[in-house]
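Think of it as A, B, C and D in the order they're written, each chain with its own count starting at 1.
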Amino acid sequence: MTEQPITADLVERENAARETALKRDYEALGEQLDRRGISIDAIRDRVAAFGVAVPSWGVGTGGTRFARFPGPGEPRDIFDKIEDCAVIHQLTRATPTISLHIPWDKAEPEKLRQAAERFGLAFDAMNSNTFQDHPGQEHSYKYGSLSHTDAATRRQAVEHNLECIEIGKTLGSKALTVWIGDGSNFPGQSDFARAFERYLSSMKEVYAALPDDWRLFTEHKMYEPAFYSTVVQDWGTNYMIAKELGPKAYCLVDLGHHAPNVNIEMIVSRLIQFGKLGGFHFNDSKYGDDDLDTGSVDPYRLFLVFNELVGAELRNVAGFDPAHMLDQSHNVTDPIESLMVSATEVTRAFAQALLVDRKVLADCQEENDALMASETLKTAFRTDVGPILAMARLKSGGAVDPVVAYRASGYRAKAAAERPAITGTGGGIV
Amino acid sequence: MTEQPITADLVERENAARETALKRDYEALGEQLDRRGISIDAIRDRVAAFGVAVPSWGVGTGGTRFARFPGPGEPRDIFDKIEDCAVIHQLTRATPTISLHIPWDKAEPEKLRQAAERFGLAFDAMNSNTFQDHPGQEHSYKYGSLSHTDAATRRQAVEHNLECIEIGKTLGSKALTVWIGDGSNFPGQSDFARAFERYLSSMKEVYAALPDDWRLFTEHKMYEPAFYSTVVQDWGTNYMIAKELGPKAYCLVDLGHHAPNVNIEMIVSRLIQFGKLGGFHFNDSKYGDDDLDTGSVDPYRLFLVFNELVGAELRNVAGFDPAHMLDQSHNVTDPIESLMVSATEVTRAFAQALLVDRKVLADCQEENDALMASETLKTAFRTDVGPILAMARLKSGGAVDPVVAYRASGYRAKAAAERPAITGTGGGIV
Amino acid sequence: MTEQPITADLVERENAARETALKRDYEALGEQLDRRGISIDAIRDRVAAFGVAVPSWGVGTGGTRFARFPGPGEPRDIFDKIEDCAVIHQLTRATPTISLHIPWDKAEPEKLRQAAERFGLAFDAMNSNTFQDHPGQEHSYKYGSLSHTDAATRRQAVEHNLECIEIGKTLGSKALTVWIGDGSNFPGQSDFARAFERYLSSMKEVYAALPDDWRLFTEHKMYEPAFYSTVVQDWGTNYMIAKELGPKAYCLVDLGHHAPNVNIEMIVSRLIQFGKLGGFHFNDSKYGDDDLDTGSVDPYRLFLVFNELVGAELRNVAGFDPAHMLDQSHNVTDPIESLMVSATEVTRAFAQALLVDRKVLADCQEENDALMASETLKTAFRTDVGPILAMARLKSGGAVDPVVAYRASGYRAKAAAERPAITGTGGGIV
Amino acid sequence: MTEQPITADLVERENAARETALKRDYEALGEQLDRRGISIDAIRDRVAAFGVAVPSWGVGTGGTRFARFPGPGEPRDIFDKIEDCAVIHQLTRATPTISLHIPWDKAEPEKLRQAAERFGLAFDAMNSNTFQDHPGQEHSYKYGSLSHTDAATRRQAVEHNLECIEIGKTLGSKALTVWIGDGSNFPGQSDFARAFERYLSSMKEVYAALPDDWRLFTEHKMYEPAFYSTVVQDWGTNYMIAKELGPKAYCLVDLGHHAPNVNIEMIVSRLIQFGKLGGFHFNDSKYGDDDLDTGSVDPYRLFLVFNELVGAELRNVAGFDPAHMLDQSHNVTDPIESLMVSATEVTRAFAQALLVDRKVLADCQEENDALMASETLKTAFRTDVGPILAMARLKSGGAVDPVVAYRASGYRAKAAAERPAITGTGGGIV
């Protein structure tokens, strides 16, 4: 039977205190939605079936190049991380899978599987890492990895990705996500065309090793760690890659990896239309790749992305099956709390997008009634779907208010007592 | 025999006053380049053979949505415009072709040809206009043109493009440039996928009418006149279009049409690598699509674009033949002066890019010597190639200092006397 | 007695059809807010007392430098505009004042007053216009106005502002808003320091003429119509101006006039703290000064601004009394509809900000509980305050659903029949 | 007598190989400048007298939050750093001072002074560090330092700054630079007004301890390490600080700390005009605070900043005396090489700005001759002042080509042999 890090008692007690009010709100909203021709229970059930993956590295405190300020009870290894992930899923019921990062999470595969199964968790996409040098590594990635000018360094990076696939196979993963830090800091440092040729050539080797039922996700990023150019700088280049590699290759969209002002929901639409949307790394940002908590700065943008996703689903776009993952840097919060709230935000945007009256929207679009089209989206967005999300959690055995339940549980204090403090004041890795 | 708007006497007199100093500077630079293994005369000859098209609308004063402040002697029609363009080419010898905009420049084709031939000018790409409503037009483009939800409006827009091709055929043009203002101002106003499908469908009709020796250039623009989304928003979408349409379709890059911070030279490289770079609209910008004078704000960026172009040429990239055109809005200068200076800036960047020591650059790139790679580009950029440009003009019959010669000629005062002032304080069209 | 452009009958009929549902939603929300310790009626009364000014020019269709596409029934003069403004206030009860733009709205002051009084409207801040040349004007503003190098041009611009004050006095206005287009398009074109000195000198003359009970609002704008530099480019310069001029001078914040990514709510906080926040021009934007409808793209940002305003009010900041005005460009909608929806959005943000639990927020801030501080704001923002806004309108004699009532009224069709179509395809003025 | 890390022999040998060509280029440029009414020797002497400070931390390899890739021979402590700085000054003769960072560079003050004096170096501004937690520190800066909600933490941060002043006194420093990482990552996390009040209160204590002949530089930064708001976010807030603190307080402008598209040279002008420009941190950037090498991406922007500085100097602005310092992150180059090239770039921009014909420029500005104003600046910028810089170095005992001489010297290999390799793959601190 599945274990849970937090006692069922506590969750039930916390829920009991909130249930009456929740039911009142749920009923009132249900009545309102009914007038709008929507069944609240149907939305609740869609929400309950929705999941977003948690990145193993997300449960540790992040940092910047200036500093990292760890909190109490930082996970010491992948097994601590899995336990933290289990807390998140126990209380939100929205994060049934974990995404691993190799070599950070390297361990005996069988032990990994058992650790996850113990909490009823599974593994999402595997993530390779060729943007850092790891102890014992022969060739440095200082000047690139899959696109490096040196063939031996490229080979080493390819081999690392092949190893990630091998590990993933044993864990039941079905996808490999490749993000590289390759790029340049000076005009002239890199020959754009040759670097991209080398990258494509390396990726073709990785692609060739992909099992038939796997997908390959490539991720673009406009800048950082390279600050003049990056090899996979935007969705245009990412699309070229997916086309060059083949039908199992897809583009991954990280919400924070674009130029200022860019219309991300439109990029999502284009990739869906041309059959190459692989999935998302969710987060929010104000200035760049800030890796802020999902929906914390611009919740309407998140809704607009889900508006595209739900629209595509309802249009039955062939092969449409995007992966969802959180990818954030938690510098000033308890990472478990941030991930619970962010998973909720993703679910909230999904629920709001389900409420869009698509018939009215399509009519407004056809008639160029811009104002009413906008109001149609806004009506869905403004609906406080909180009671739906809470009821979905309640029915699935989660917490009505995950953060409050978590704080009441004393989990963090217990972890702090069990896990020795991490020292060091260096810059952060996220 | 070719006529010239400004008397040869004046040009010679002005040149004579500058020739001695020019020769001294040319010799000194020649000696320095010789030490660097470069023949200055070879560079001068490449420069002399280089040309950039002038847009017919560029010789009128531009404006903003707030106001337009016309100058004296504004061209009244396309024939005045051709004469102004002739001045630019006479003095710079760098702008042998004119790009027309239909319906602004509509006139009897034979008369247009004669007017251009009189000054030894030819016609570059044709430009269609479906971002404005024109008198007598049946359907409005307020809500789009080639992507409009209404089939009749799309048809009208397609027909207009077909007409542009027909006119172009009689004028010896070999390309059609399509830029549309289609997009939306509100989330929800437009269905991204359907709008793009309609656009592609319309463009396929235009493409089908293209003569075999023509090229079709599509131009992306991130925003304006639509401010939430545009149908052809970036190079990724532009690339999709060119791929969908076929081998005669290419992407046109306007330097001002990108998101903040975007690395444009890298986009240029990608489009070259995948065989879809059609050409350029040159200008400069600080905040957005400001349509400032080419090279006036960030001359190094212009050089970096030409560094890609010269590099591709030297690598003998198959089918590489980009079109060059200026596209600027002259709000506070005499447009003839701005276009002369901007043509010179384009030529300057070309000349500087020719000076890059590509053997050293390639070695630095191979060895990841970022600093020396940067310095290799900088050495070329820092070289004051002014004497080369002036000598190329002098040998071709142009002016050593085009702006000084133009001012001395009194051309603008004469035009002001002949052409009645344009009145009206409305917003500007550019 | 006050006239209304739309018959009371129609409004009542429309309201009657919506009243039952509204009451149900209002009650359910009231119960929820009661649990949160908030009286819904108190919020409704605050909302009912809230007003935002409508700009006279806002009721005409806007445009871009590329084109303007007028709609049916465009107002022909300030009297038509006042009638359109009356519709907005009749249905929303949120826009009791009009902001005039001179010389666009020039007319016999007594007639203006009567026209407004007829509909129960008053006049907000006066707006001068020295960014366009007007017929009969002696000196051109092509190269600037209040900061022009030529003393006579500066004098003309000063005189124009003095005239605006004089007109405003007769109309009961209590403020002058000064926005200029002065700036430069080329590095070097303008001497930054001297231009600013001239501007300050001119403004001191304007300030000297200000009645004792008036305020002077200066408005910064990062770019456009000048594209390399503007004289009043940002809030820092705006603050310097307000300090130099004196206690009646304040900074006006237009939400669309900032650099990408800038934290506007923080600027609002700084200006409040140093006693120099004058007021707002509300709109929304995605790429720059897009002048999109308020709250249409980033509603959370609008809320965060009001969070600062309500916070300052509750702290009883001395002299805190910001002016509120909409300032948008309506290019694809019926301007009356856009202004009604935008006035509602401003009111919505105000209502949401009133719901913030400031005691909890202050505690979270003190304890650096970043996550709960964020959730405290989000709880207020997520509350669907629509029923409160509708009930406030209903009680004040407005429409439960202003846009639906307006469409049902046939006002636009009637206006189109009475007002001849505006022709011309020029660029737009907004 | 002053020691030099590299033998005089080597420098002389390297210079000898370049002297003939240099003299030819210098003469040819001299003749050209003579025609423009400029004495090349006068410019060379101004250049020779110009200096820019090197930050002690700049000689180590920088990094990002993702990784840091150290190079060979990394300095182990401040004494190694001083030796590296001595190399830079020996070869460029442009960096006579070092800026220290406490506690990174903490050591016995007398030893520090001797170490610097040995190489003829002096100390520039002191830099405090309250953006990291240091071993043994009682209160964490995770949630802020000088603006922290906790009084004891603020006190600790104040004390640290006072200590920096004390250390600086013994070293002959005359300025303290304060940059803090304080800010927030979530809307609501911080009360903007209260945080700024606390900051000002703390800074008043620091200011009170400032010796009479010292200056206090505060540095603004739009974002990072805080990603939603920073306490000193822009020059407007920075100016408020300098005004609040008093006459010894000045604003420091780091070129990379602004929003996208911002016109930095205009900010420089405003701060000069209002007597509050303290100095610069020079670097370059493409996307944000990339800390790229000065002038490597946009050399014209650097020139435009110096155009303001030279203009102010020539206008004899009272109290104008800005401090110059490099502040960059060297992730892919030898830091010594980067700093030598960057010092040269700063000097180059200064030399180019000295060449601007200010009489012509002022006339163009007065007459609104935008095109010729632009060309006047461009003429100065395009002048290849390389021979002037090299001759200034040669006359001062430096290297004609510093990077080539440095590479020939084998200094880095020697350092690598003497200094054990730094291990660890963590994120970088810069």
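Here is the rule we go by: a residue touches a chain if its C-beta (ideal position, glycine included) is under 8 Å from a C-beta of that chain, and two chains touch if they have at least 3 such contacts.
Protein names from UniProt, one per chain: A, B, C, D = L-rhamnose catabolism isomerase.
Note that the structure is a prediction, hence the values are computed from the model and not measured.
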Farthest-lying chain, centroid of Cα atoms versus that of chain D: C
Contact-richer chain pair (by C-beta pairs counted) among B-C and A-C: B-C
Centre-to-centre distance between chain B and chain A (centres being mean Cα positions), rounded to whole Å: 43
Distance between the centres, which are taken as Cα means, of chain C and chain A, whole angstrom: 39
Interface hub residues of chain C, defined as touching at least two other chains: 142-143, 184-187, 189, 222-223, 228, 260-261, 263, 286-288, 293, 296-297, 300, 332-333, 368, 370-371, 374
In the complex with chain D, residue positions of chain C that touch it: 142-144, 149, 184-194, 196-197, 222-223, 228-229, 233-237, 239-240, 258-263, 265-267, 269-270, 272-274, 300, 304, 307-308, 311-312, 315, 361-362, 364-368, 370-371, 373-374, 376-377
Chain D residues within the chain B interface of the complex: 21, 24-25, 28-29, 31-32, 35, 260-261, 263, 286-288, 293, 296-301, 332-334, 337-338, 341, 368, 370-372, 374-375, 378, 381-384, 386, 403
Of all residues in chain D, those that touch chain A in their complex: 62-69, 131-135, 140-143, 181, 184-187, 189, 222-225, 227-228, 260, 285-288, 290-293, 296-297, 329, 331-333, 424-430
